[in-house]
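You will see chain A twice below: alongside chain B first, and alongside chain C after that.
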Partner chain A sequence: MVKIAVYPPNSLILADLLERKGHTPLVLQKQIRQKIKDPEIDSPPMNITEDDPIQGLKYAAIEVPSGVRGRMAIIGPLIDEAEAAIVVDGAPYGFGCIGCARTNELSIFLLRNKGIPVLELNYPTNQDETYVMVNQINDFVDSLEETDKEEE
Partner chain B sequence: MVKIALVSCGTEYSGIQKEIEKAANKFGAEIILPEIDLDYIDESYEKFGFSAQSSSLKLMIARAMAIVEGRSRPDAVFIATCFRCAEAALVRNEVRRFIQNNTRIPVVTYSFTERTKADELFIRMEALATTVTRRSILAREKQEGLTLGLDSGSTTTKAVLMENNQVIGTGWTATKDIIESAKTAAAEAFGQTDYDWDDLDGIGTTGYGRFTMGQEFKAELIQEELSVNAKGAVYLADCQKGEATVLDIGGMDNKVITVNNGIPDNFTMGGICAGASGRFLDMTSRRLDVDITELGPLAVQGDWRKAMLNSYCIVFGIQDLVTTLAAGGSKADVAAAACHSVSEQVYEQQLQEIDIREPLIQVGGTSLISGLVEAVSETLGGIEVIVPEYSQHIGAVGAALLVSGMGHRQDDK
Partner chain C sequence: MSQNLTMSPDLGTEDWDPDVITRMIFIGPGAHVSEQEIVTEFHMLGLPLTIKNTCYGSMISGKSEDVYKAIEEIRKLDPNHIFTKERGFAPGDPRRCRGHRFGPREGFHQMEKEYRILGFVANALEERKDVEIEEKKPVSVDEFKKVMNECLDKKE
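Our next item is the complex of A and B:
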């Protein structure tokens, strides 16, 4: 079982594909769920407080806007934990979206430079491309499994 | 309840969503998010024509479009984006212009950090709520009876006594203890007349200390200074009909308010940098060893181009001015450079955020510094700047005017 970061980090489809293969998708919704469930924080809608953008300083300097640092406080730990990553470029909002282009640039850069296997794909525009994308993801995940077994 | 539409990107990720809602709720308003579907985002974004990369900014554009096209019907709009984000700043400005050009809905913009607290937003939310809910009060054009206006500012406290549409007494003192300063300023105003507290029909309070004063003096009107100053300015400048822009460069923050037929319809408020405030000129006059009242005439005689000023900062900018003096520069040139620096920074930070409508009425204590008024006019391409009589007492005049008709203290007796 490999911990795989996905981008967009809140893509339900990517998370589902990985879970079906028995891997752990590192996704935003789990992080947010933890925050919302924390009864000690009262900062709706997501219980992100001013402390989060400050924690985001680990990933981006103080001159970076608070919205980027707040997002990085949630996404950054997922990247830290990742053993592999799948990045889908050009996806529509419904596929998953973090809302901020600067956060996208930084997160994808950090994934690429982490020294882990990264699969980068373009969002499909028709059915054939969709089959190709799913197959590429499955192949990538299978290759991770083989590496995992070899290491064991 | 007043509905304020939030058009923003990232308030929830900056941890300030709750602060925005808290500020709105305090003044009887609620924050709403214009509802739209995914297809409408692309449709509006293409129609708007700004190629933003961030999808939250596309969402902002779509929400603005929903307001303009009447899909969402808020009473006011609050546009907020992250401080230091260039892309968001561009979109924020264009979205503001778009809403203002196509609706009559009051709009205020703000760039936030994670440190933004509800207190900083109170005055903006209160002014937005006021322009919606208190139009009848803001429509008042004539003062009646005997009323006292008290304005507790960050630097000075002002009092104005008005009777039958005339200012009959004024008071002005440095703000120390809020209540004591208000009493001192009021005593000065009463001293110019035969009246006393017991003769008043009503009291209006404004400024930072408005709630404290309002409670102490049982004021009939407690109102933020954006609406009050705008009203006082058009009243004193005799511009109650048609359009005008009011500029108040204060001791701690600056206000720019556009007015249509005496009612404020848009405003911006700055308060990030002391270099763009009256405090900068106060410190300059001390370094020049001249009284603040002499700074303006001195600046009018000087040429700002002859004094090196590399920074707007209240520390480094003033250090530059001192260096100019040490190199043999004249006091007049330094005074002119200081006025030019404040005016230029107010222009860069705020005046560009609002569509200036002539005439420009400059008010507040700094409006008495003639060099600054001249610098503002020059910065804005030589437009006419009106400084009405009692401009330094503007908040107190506005409060005395607006409270008239609300107070019935003599009837009660």
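Our next item is the complex of A and C:
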């Protein structure tokens, strides 16, 4: 079982395809749930605590806007945990959950620079492209399984 | 828009339990089961779950062990058309539920976008088909010149 980061981190299709193969998708909802179940936060996730931008310093410099650092406090731990990643590029406007282009760029940059296997896909717009996307994801996941077995 | 500001909800013990998770179950286009069938099946499993019938499928909440067991069982109904996804908030949570606030629920737009290609994904899962896509390329300068000269010659 491999922990795979997906981008956008709330994607239904990516998370489901990985779960079908028995892997763990690292999705944002798990992080959000942790926040919600924190009794110290009254109205999450609208109010970011003062600790969040500080935690975000691990991923972005102090000059970076606090909004990016606050977001990175939630997404960063997912990137740290990732053993592989799938990134969907060229998605239509409004696709994804981050709501901040700079955070998107930083997260994808961190995933690429982590030295883990990364599969980059284009957002499909028709049936043929979807076939290609699903096949690529399945092949990528199978290749991860093989390398996992070889390491064992 | 003050109604859209989140409130401090009165949460029960289950809502604070870190082991309680919520999953959304989506029925893709062309599925052989209906939302109601899925909800009935969840009830028939007899597991301690909170089940909510929704327009896209259903939502279940409970201890992670029970939830994953229920999902495994429900997928057997139509493995290629039933999709599931994690959800951060519990069903009916006033901070997200449309019944307590205005406008579409956060996450709805992402769901709407992904639902458009969900049918294609289900087809791809049913049967693997290797397809080659031709990438669209811009017209080369030489070809463009040729066409342009042809047009100019015709004019003369």
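Quick note on the criterion: the second predicted complex is superposed on the first by the 144 of 152 C-alpha atoms of A that agree within 3 Å, B and C clash if a C-alpha of one lies under 4 Å from a C-alpha of the other, contacts with A are read in each partner's own complex, and residues count from 1 in each chain.
Rule of thumb we're sticking to: a contact is a pair of C-beta atoms (placed from the backbone, for glycine too) under 8 Å apart; a residue touches a chain by one contact, two chains touch by 3 or more.
This is a predicted model, so every value here is computed, not measured.
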item: First (chain B), second (chain C), both or neither touched by A:Pro9; value: neither
item: First (chain B), second (chain C), both or neither touched by A:Cys97; value: both
item: Touched partner set for A:Ile32, first chain B, second chain C, both or neither; value: second
item: First (chain B), second (chain C), both or neither touched by A:Gly76; value: neither
item: Which of chain B and chain C A:Ser66 touches, first, second, both or neither; value: first
item: Partner chain(s) touched by A:Asp52 [first = chain B, second = chain C, both, neither]; value: first
item: Partner with the higher number of touched chain A residues, chain C or chain B; value: C
item: Common interface residues of chain A - those touching chain B in one complex and chain C in the other; value: 42-44, 46, 92, 94, 97
item: In the complex, chain B residues that touch chain A; value: 9-18, 38, 41, 52-56, 59, 82-85, 87-88, 112-115
item: Sites on chain C touched by chain A in the complex; value: 5-8, 15-18, 21-22, 24, 26, 83-89, 93, 95, 107, 109-111, 113-114, 117-118, 120-121, 123-125, 128-131, 133
item: Sites on chain A touched by chain B in the complex; value: 42-46, 48-54, 63-71, 74, 92-94, 97, 99-102
item: Parts of chain A lying in touch with chain C, wherever the complex brings them together; value: 8, 10-13, 15-17, 19-20, 27-37, 39, 42-44, 46, 91-92, 94-97, 124, 126-135, 138
